[in-house]
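Next, two complexes with chain A in common: one pairs it with chain B, the other with chain C.
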Partner chain A sequence: MLNVSNLNAGYGKAQVLYNINLGCKLDGEVVTIIGPNGSGKTTFLNSIFGLVDVFSGKITFGNISLRDIPLHEVVKTGLGYLRQESNVFETLSVEENLKMGGASIKKKKEVEERIDEVLSSIPFVKPFLLRRASTLSGGERQLVALSMILMSRPKLIMLDEPTAGLAPVAIKQVVKVIERLKDENISLIIIEQNLKYMLDLSDKSCLIVSGRNVFTGPSDKLSEQSDLKTYLGLG
Partner chain B sequence: MSTLMSMVTLSSFLSLMGFGLTLVRRTTGVWNIAQGGFVSIGTYVILTSVNFLGGSPYLYLPLAFLIGAGAGSVLFLVAIDPLRKRKASPIILLVATIAFNLTLIGVINIYADYLQNVFRINSKNFLLTKLDFKIFGYPGVSIISALILLVFTILFYLFLKYTKTGLTLRGSTEQPDLAGVLGVNIKFVYLLSWTLSGGSAGLAGGLLTMFFQCNPNIGASLIAMMFCVSIIGGVEEIYGPFLGGWLVGFTQIYGIVLLVKVLGSWVISYKEILPMIILVITLIFIPQGLSGIKWGAKVRSKKS
Partner chain C sequence: MEVVLYLEKLKKYFGGLKAVDSVTLKVRKKEIILLIGPNGSGKTTLINTTTGYYKPDGGRVFFKNEEITGWPMHKIYNIGVVRSFQLSSPFKGLNVLGNILVANKENPGESLINCLHRRKWIKTEEKINKKAFEVIKALGLQQYWDVPITSLSAGHLKLVEIGRALMAGAELIILDEPICGVNPALADKIFTYINKLKVEYGLTFLIVEHRLDIALKYADYIYVLNQGKIISEGNVEHIVNDTQVKKIYMGE
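So, the complex of A and B:
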């Protein structure tokens, strides 16, 4: 289980998150995090990987305290992270991007076998394997980024707005892949503004407003929250 | 022909020295003033080795590379990495390299005094041309340095293109956070780049002993030229310094020959200004450097 308790984090002296608590089980549970722009959703995911300053709090994955290990060791615990921006290496080919995704795998043969497995799971990526990532469209880029994350066989993947800026067709492809991940019992924490697709998928939702966790609970209870109505512009 | 050989030799040295400077700039964002000190280390490794162990200076080039590489690693582990973890600004990191370089120059000066006073070795102003050999009547260092540069370039290209570590170096240079999230040990990648940087400077310093009059401050006197090579070639591409090295070398040798014909021999004293003029022109018209020019785009726009 990923367990975050009393997390306070930010950038330098600027605190962004205040006493955030969240848990996600490793049995294919899907947690959706929503909230207004600038509420600290991305900062929350970044703090789990140690990419921002964590002032206090506990972040554990299984028995491992993620605050006690270096960044490159976090992925070996079984955590994956699909960032919203800068999630592919633009100067590398798609195949090289996948190999970067397998950075934690020691043997070359294992990397190649894993690439074949991932491509059979996400076949949309196969046609542009030799293309430079900078030449890909937004949707293609997201699929490549997802494929990279899958290279390390994560047990839990954190996705930061995976459908942001994508055309409807591309959104459907990405959602299809996410649904398949859930079917394969990979747990997911998803930040998403596109509630239409994600709330049906998720078991639990978390509403973050101004760095504070104002609601955590079953997704079907979310609509009763007044803060959610404000966030959605419903008064 | 001898002018051509001098140009080839100088260009090879400058490319090797500029390569290390560009590499650490690309990977860690640091302008390393101590690159000059690493060059000086290389010269004194060769001087010490030939005087105590005998033989050709070429035999000890791998040692010059290794000790230069060691110096690069030490600078990274002792100064750059701790400061980087504390989110030091690029200026602070630059100052750290200046401090390290001053320390290095001091130590090399003390060592040179020691060699001179205790072992009566001419260590304050030396040139080892007598230990070089001739190839078709030309100094061996001219051809060997070009060959070393060629082999170095090919090996580095193969390393970047076909090895896992080379791939992680390329990826980490572009996006260190993303690489770290995927499991790349960024500290190791940075350490590798500083090690290679120190090694290439040590190697260049070793070759310098057979071409330039060397002293403890030889590296410091060449640092401005190394910066020219790096910036003119462009820091956005790893092969930039190889372009910059050849242009600066060409300018230094043929440029001064031309100016002497036109203006007279008095301009020789000012030959160090030529690379600076090229540098200013580059910064004004192509600030991204030669390797940053999108040649393909220019051809396409001409066709249309």
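So, the complex of A and C:
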């Protein structure tokens, strides 16, 4: 289980997050994080992954305290992170990108097997395996980035707005992949502004406003939150 | 209504890839034109080729009946065609007001001789500042005017970009995904401001956007691009009922 308790974090002296608590089971649970722009959602994922200053609080993944290990060790714990930008190697082919995703695998044969495994989870990537990543469209790029993360067989993947900038047809592909990962018992924490597609998939939702989580619970209870109405522009 | 922008059989190729393949498109004054299409269909390339970022491989571009094909970006900007990019890139060391002020074209105090004579530029500076505050007010950014630009959310940065276009005296504003990654409430607000600028200031917009749940409410006319070609055009009702658009773009 990923467990975040009483997390306070920020950048230098600027505190962004205040006493955030969140748990995510490692059995295919999907948690969606929503909130206004600038509320600290990305900072929250960055702090779990060790990319920002954590002032206090606990972040445990299984039995490991993520605050006590360096970044390259965090990746080896089975935690993946798809960030909003710069998530593929532009000058490499898609196949080479996948190999980079499996850089920690020592045997060449094992890398090939893992690529086959990933392509069976995300078959959309197969047709452009030999294309250079810089020629991919936004939707294709997201799927390649997700495939790279899958190369390390993560137990939990954090996704920062995976559908941002995607056409509806590409969003549907990403959602299909997310459903499939859930079926394969890979847990997901997803930041998303596009509630239409994500809330149905989620087991749990977390609403962050001004660095504080004002609601964490079943997604169907989210609609009762007055802060949600403000977020949606209905309040 | 007067045609502000006219693209005639515009082409842009990258090697064998026909990114923009003979696109003809009209943007009428005081309208919000939406350009939609799957990722990689050529929307951003079309904007880049129209605004001088790329040189076209064929076809012509007209702005208010004047041919501007192949003009450099700064020249196109100077005649009133201002565009935004997918990622905002403000001057990080300036506040909101500063970022809006720099877009103003007339700065007499910057001349080597004039800078020594305060009376030659002080009145203009006052006028420019007044105009900047009007722009800030028109976009609902009053409470942020003196905050560092780096502390603004992605959504508010998009508004500042529109503010810079207004300050530069834009007549046609081309926006590349203005509400991408913006929360629903603010995204709707951004389109409300765009609509207000159209109605009250007579501005024209060509907008690339995927979030149709919000954008369609404000669009006057829509073009759909796929593999570099326009596959459909019309009003909202026509586009949402077009079976080809439903299949290729909506994935239905």
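By our rule, the second predicted complex is superposed on the first by the 235 of 235 C-alpha atoms of A that agree within 3 Å, B and C clash if a C-alpha of one lies under 4 Å from a C-alpha of the other, contacts with A are read in each partner's own complex, and residues count from 1 in each chain.
The definition used in the following text is that a residue touches a chain if its C-beta (ideal position, glycine included) is under 8 Å from a C-beta of that chain, and two chains touch if they have at least 3 such contacts.
Keep in mind that what you see is a predicted model, and the values were worked out from it rather than measured.
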Touched partner set for A:A167, first chain B, second chain C, both or neither: second
Which superposed partner A:A103 touches (first chain B, second chain C, both, neither): first
Partner chain(s) touched by A:V75 [first = chain B, second = chain C, both, neither]: first
Contacts of A:L195 with chain B and chain C, given as first, second, both or neither: second
First (chain B), second (chain C), both or neither touched by A:L130: neither
Contacts of A:F49 with chain B and chain C, given as first, second, both or neither: first
First, second, both or neither for A:S86, with chain B first and chain C second: first
Partner chain in contact with A:G35 - chain B first, chain C second, else both or neither: second
Intersection of chain A interface sets (partners chain B, chain C): none
Residue ranges of chain A touching chain B (in the complex, touch as defined): 49, 51, 70-76, 81, 83, 86-92, 96, 99-101, 103-104, 108, 148, 151-152
Of chain B, residues touching chain A in the complex: 164, 167-168, 170-171, 174-175, 177-187
Interfacial residue positions of chain C with respect to chain A in the complex: 17, 36-41, 86-87, 152-156, 177, 180-189, 210-213, 248-251
Chain A residues within the chain C interface of the complex: 34-38, 84-85, 135-140, 161, 164-173, 193-196, 230-233
